[in-house]
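The same chain A turns up in both complexes below, where it pairs with chain B and then with chain C.
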Partner chain A sequence: MINNCDNKMTQTRMELEDGSKAGRMDMQEVYLGIDVGSVTIKLALVDPSNNLIKSTWLRNQGSPIENVKIGIKRMRDELEQESMLDSIQVKAVGTTGSARYLTKSIVGGDVAKTEIIAHAVAAISYHPDVRTILEIGGQDSKIIILRDGIVVDFAMNSVCAAGTGSFLDHQAARLGIKIEEFGNYALRSETPVSIAGRCTVFAESDMIHKQQMGYSKEDIIGGLSQSLVRNYLNNVGKGKDIQPPIIFQGGVAANSGIVEAFKESLKEEVTVPKHFLLMGSIGAAILAKEHFQENPGYKTNFRGFDVHDIEFETSTFNCGGCANNCEVVQVKMAENKEIVARWGDRCGRWEVF
Partner chain B sequence: MVRVGIPRALLYFKFFPLWKKFLDELGCEVVLSPKTNQKILEKGVEIGFNELCLPIKLYYGHMAKLLDKYPDLDYVFIPRYIALDTKGFYCPKFLSLPDAMKANFHDMPPVLEWEVNSKQNLKAVWAIAFGRQLGMPTTRIMDAYSKAVHYYKEYHEVLRKGVPVPDALESVEKGEPFPDPSEIEEKPLTIFVLGHPYNTFEEFTNMSMMEKIQEMGANVLALENLPERVFEHRVKVSDKFDNYWGNEQDILQASNYFYNSGADEIDGVIFLISFACGPDSLIAEIVMRDMKDRGVPYMSLILDEHSGNAGLMTRIETFVEMIKRKKLMEVTH
Partner chain C sequence: MKITFPNMGSAIYAFKALLEPLGADVVFPPPVTKETIDLGVKYSPEFVCFPFKVNVGDFIRSIESGVTNLITATDFGPCRFGFYHAIQERILRDLGYDFRMIALPQGDLLEFKWIKTLDEVCEYTGLKKLSAAWKGVRLFLIKAKLIEDIENAEGKYRCREVNRGDTDRIKRELLEKLDATKRLKDLRNFRNVIHEEFQKMDMDMSFEPLKVFLTGEIHVTLEPYVNRDLKKKLGKLGCEVTQTLSLHDWIMHKFHVNFHRKEMAHLARPHMPLDIGGEAVWVLGEYIWAATHGYDGFFHLYPFTCMPEITARGIITNKLLKEYDLPPLFVSLDENLAEAGLITRLEAMVDLMHGKRKKKNEYKQKLNAFMDSEKQDYLANQQQHK
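Then we have the complex of A and B:
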């Protein structure tokens, strides 16, 4: 069995050196990227040429650990169904998003990079001439400025999550429409009403007020889309040198109303890439590939697609070592009680990554 | 021995070596409130009213902690910095600091007020007025003050050789010799952290960001580590707009330096700002424009009592990574 495996690997390597593409039954080198955001988890598998081979996404409700495991299992099952599971070999794993370090410890990741870097790397790979990336996710919004394929400036929303995906979700629910329909409503609007978009708390009361005044849902949603874009450009985009080509990615890019509002405000073409939702995870996979290629003979820490069978226990304790009384979180493997991650302390005395 | 308490906040981060040496030479014992912790922050937020900036709220917290920890203090030392040159003023919150404290802490021991207003008098004159509060003769005060000034100069020389401010402050507090600058290891990247010392060296509220940047493989420099000549000339912004704030002058001088020859010495600038700081909000705009013009990677970070660790770290990690990748591209092309 082991011999068999080795043969397969040698064969693949030889074929790749030949320049020919690895066949379906050969071991293909792949890189896994996991983007654990505040609202959704995205997984992407890319080949050495950055082509997306397989992807999946799910909502991040409750425990990110459990959801990452579910995501990996889902990817594993799909690979198995398409009988690809035995023909790929994960060479490195990259994680990104707000739970990047936690996820890295759980799945056995090789690199953990911020979502800004991951988004930029993915965008450059598909659109090498990109100069501005607008990214709006579940709770975060970012702007990334690039020149000649290099990130030169960026900004991220701070405490304020106005205009991000979760706010739109909430407003759609309140107006009794599906979030998938949100964009179409906005596009049907002929005279969008003015909505206070500076803060979502004000935006919501303003929207309710406009509803009570009898304005149509279309015009309210149209107005909301415009005010959110205005808010984004005035806060996150403040002082940034926005130049075309402009790419809009992240979950909110699915919303055609927001896309239109951006085009109108910026008076420029705004491109939504094919894999707009997955760009963070694709970027993480590419960063994993870079890491693998920069370190000859590198061996991945990946626990394998069966990581969903491993039970993890999380617990919290207050340190009590000083007046800060930090809340320390630790994650252990249920089987052997090995600590895979521990943090939350300011001084670093408990830290395990 | 006369025991004098000093809150470890605000201008402590700038002038403590001067104050400490002066008080030592006047025969006083100096005690400090402990380093900022969650309880001190919470106390400060509770006492200080909402509209204040975070550093002032922390001052309230430290004063409360100091009085609580040392109930037997003979004096509480409170600075009142009005102006350090003939142009501009310090922020009004610094001007009124002793009054604000007296209004809040009614059972406070007598206040030793350290007032400096260079618009009216030389610093030495203010020093004599200070010493008189302790009933000291002028000759003794002058002798103590000149020793303190000398010591403060030495302190700055050590900082200019690259010793980090927290390390130097620690040796001042313990009365030990300054750390040796030769032990500092050189790294391929240098990040300049701009800002008031009570933001850049307040490790609790800035979540030890200086240390974290170092762990990411970069050298960290602050205003205090820059050459003396950077601060020799006053910066005038334009004919229409001159900087009114005395305590923003060194920030403008640094920005001016990086706009000119200093740009080659650093790879990026992070400006650490307290939320609700009026002067910083104006100056940050000028610094941002300067750095953009000069093509120096720049980022501002705003701190408040609600700051989350995650957001701050994501920005810092991205900033350092951005510069690393940029340098790598420059090398390979």
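Then we have the complex of A and C:
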């Protein structure tokens, strides 16, 4: 308790100090976090007291390089519209998500951390007493167990995509409803049907069967939400000590039906934070901030908001140095042929980060 | 006669030392690559353990490269390993290959059934070559021990290396040197050579690495292609890897003189009273040992569908984790493992261990400060009484 109060006090003091600083100085320090997930790319600008200043997200279709560039351009345009572009200074950039290293080399990032740590850091900064984080994204789902503000255990789905956003997306399209409506349908359901949730293939065939039997859309979707939650808790959450306060974040947290199903099966209150979608990128920004503050005089590698104008070329080749014949990926700047990143080999002969 | 055996990391150098003095022309199996695994997966039952598939791939590639005498270890259970050699032989016969499969029974090496196998390798010339066999066995045991030393030094020094790739180069050079040494006399000083070579490397001695314990099923733990170079990845992430598991460790256990394993089995006895196959019993013992010896993390590798190791995993997560609080990471390996997911989990685990260590240090500092103040109070009181 005492600790919490202390934290809040220092926080407010920091906010005050920052406010006075911003008044005096025209440059505001900000930190950029980029979360390149399998389905969406999220960008967040965070100030030194972890407040979200600006954010944007877009779907990750095709090449993540192009999409990250588009995302940064979009952010720059928005900043320009509000004439904030000249009054902020990016001190450090953090990347996370499955393409964290690629993004780091493209935009000139300073830290690349895993989604698990980024999500945990973001959740702690908004809810310091959190003990369980449920996170369901586009392609993967994770559970993070925290005690006293440190991660003590985690799990993520390794092979199976059952119970992730992509699956819900697909099923919503099958049923002919918008994914945004999905939650409302589930909430309207009074007697949700039981649907086999162990595997997406079985779930889908079971759902089609229930559809043909004439069950209402609402009940099918309600059942689907419950089976997804059951699958998550049996697969990812198996053997984990789930204790309140519980925070649910990631794209699927937008789905009120799933939130309700979680509340029902955990018999606990489940909090969805305000920026549930952006938690990964906020975490990355906070990690960048910590990196900046830990190393005095650190200068960022960030290429600036004009990174959109830099052309990158990616190519692959087979090494052929030994029997493994690894496939090596390299990213070059189109202009001066400088190699930005290269990896994919097992022995480390070609590696450039 | 040309003879070969399946891959198992650097243990192949020890097998070569065993068979060469018998007059066999030992050929190393082609290194495990994607092609090996593809072949193995294609011709093996789907739900068999992963090492079985890799072995089948190794055999097919060896036979196709012209080596038709295959030697492989066999056991009498308790897990599926007992069936490996018989089923692999059938699969290869069904594929129409012409070869000779020589089984090396390793159930209990003190039964000395392996002498018969060695006799078979030197084409039943009987006692005439017994001295050669004796030399082979001695070379095998000594080289296996030295390979274990090289692997241990690798795990210890990689996290401290300054120039990337030094450790790999030194390890490779040492193994080649070991392989080229054919006389027992020349191996006497080799243990010192290993440490001298590694000490020559540029090292950052002020770096404080995380201490992790790596163990699991023997084949997947020793074969770097199968475990996706996990040891190397851990080293690069700044972890000092301790791995007691090695071929020498296993052979000594089968000779009933491995007191380390006896200790581990003793520690595990309350949770698993008997050997159920794989490395299950010793994994449990090592978990308890590592937790009580200041380790930061525990990495357990096992093939997908490996019964004994999964049993051990269940006991660790449900029972031991609460009692000993050492964060474990379980890696289930098979041909479908997504490397990106593995790297994410490894990095997250490393961050977790750093967080835990920081907390521990803070607690220690607080405790020390408290103890100091108490001590001073006590001394002040004593002064007053005087």
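Basically, the second predicted complex is superposed on the first by the 330 of 353 C-alpha atoms of A that agree within 3 Å, B and C clash if a C-alpha of one lies under 4 Å from a C-alpha of the other, contacts with A are read in each partner's own complex, and residues count from 1 in each chain.
Heads up, the rule we're going with is that a residue touches a chain if its C-beta (ideal position, glycine included) is under 8 Å from a C-beta of that chain, and two chains touch if they have at least 3 such contacts.
All figures in this text were calculated on a predicted structure; none of them were measured in a lab.
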item	value
Fit-or-clash call for chain B and chain C when the two complexes are aligned on chain A	clash
Touching partner for A:Ile177 - first (chain B), second (chain C), both, neither	neither
Touching partner for A:Val39 - first (chain B), second (chain C), both, neither	neither
Partner chain in contact with A:Gly239 - chain B first, chain C second, else both or neither	both
Partner chain in contact with A:Met156 - chain B first, chain C second, else both or neither	both
Touched partner set for A:Asn324, first chain B, second chain C, both or neither	both
Contacts of A:Ile117 with chain B and chain C, given as first, second, both or neither	both
First (chain B), second (chain C), both or neither touched by A:Ile53	neither
Footprint overlap on chain A, where chain B in one structure and chain C in the other make contact	98, 113-117, 150-154, 156, 158-159, 239, 322-325, 346
Chain B to chain A touching residues, read off their complex	34, 37-40, 204, 207-208, 288, 292, 297-299, 302, 306, 308, 310-311, 314-315, 317-318, 321-322, 325-326, 329
Chain A contact footprint on chain C (complex, rising order)	30-31, 33-34, 164-165, 168, 225, 229, 317-318, 327, 332, 336-338, 340-341, 344-345, 347-348, 351-352, 355-356, 358-359
Residues of chain A defined as touching chain C within the complex	98, 113-117, 140, 148, 150-154, 156, 158-159, 239, 322-325, 346-349, 351
Of all residues in chain A, those that touch chain B in their complex	98, 113-117, 149-154, 156, 158-159, 239, 241, 322-325, 346
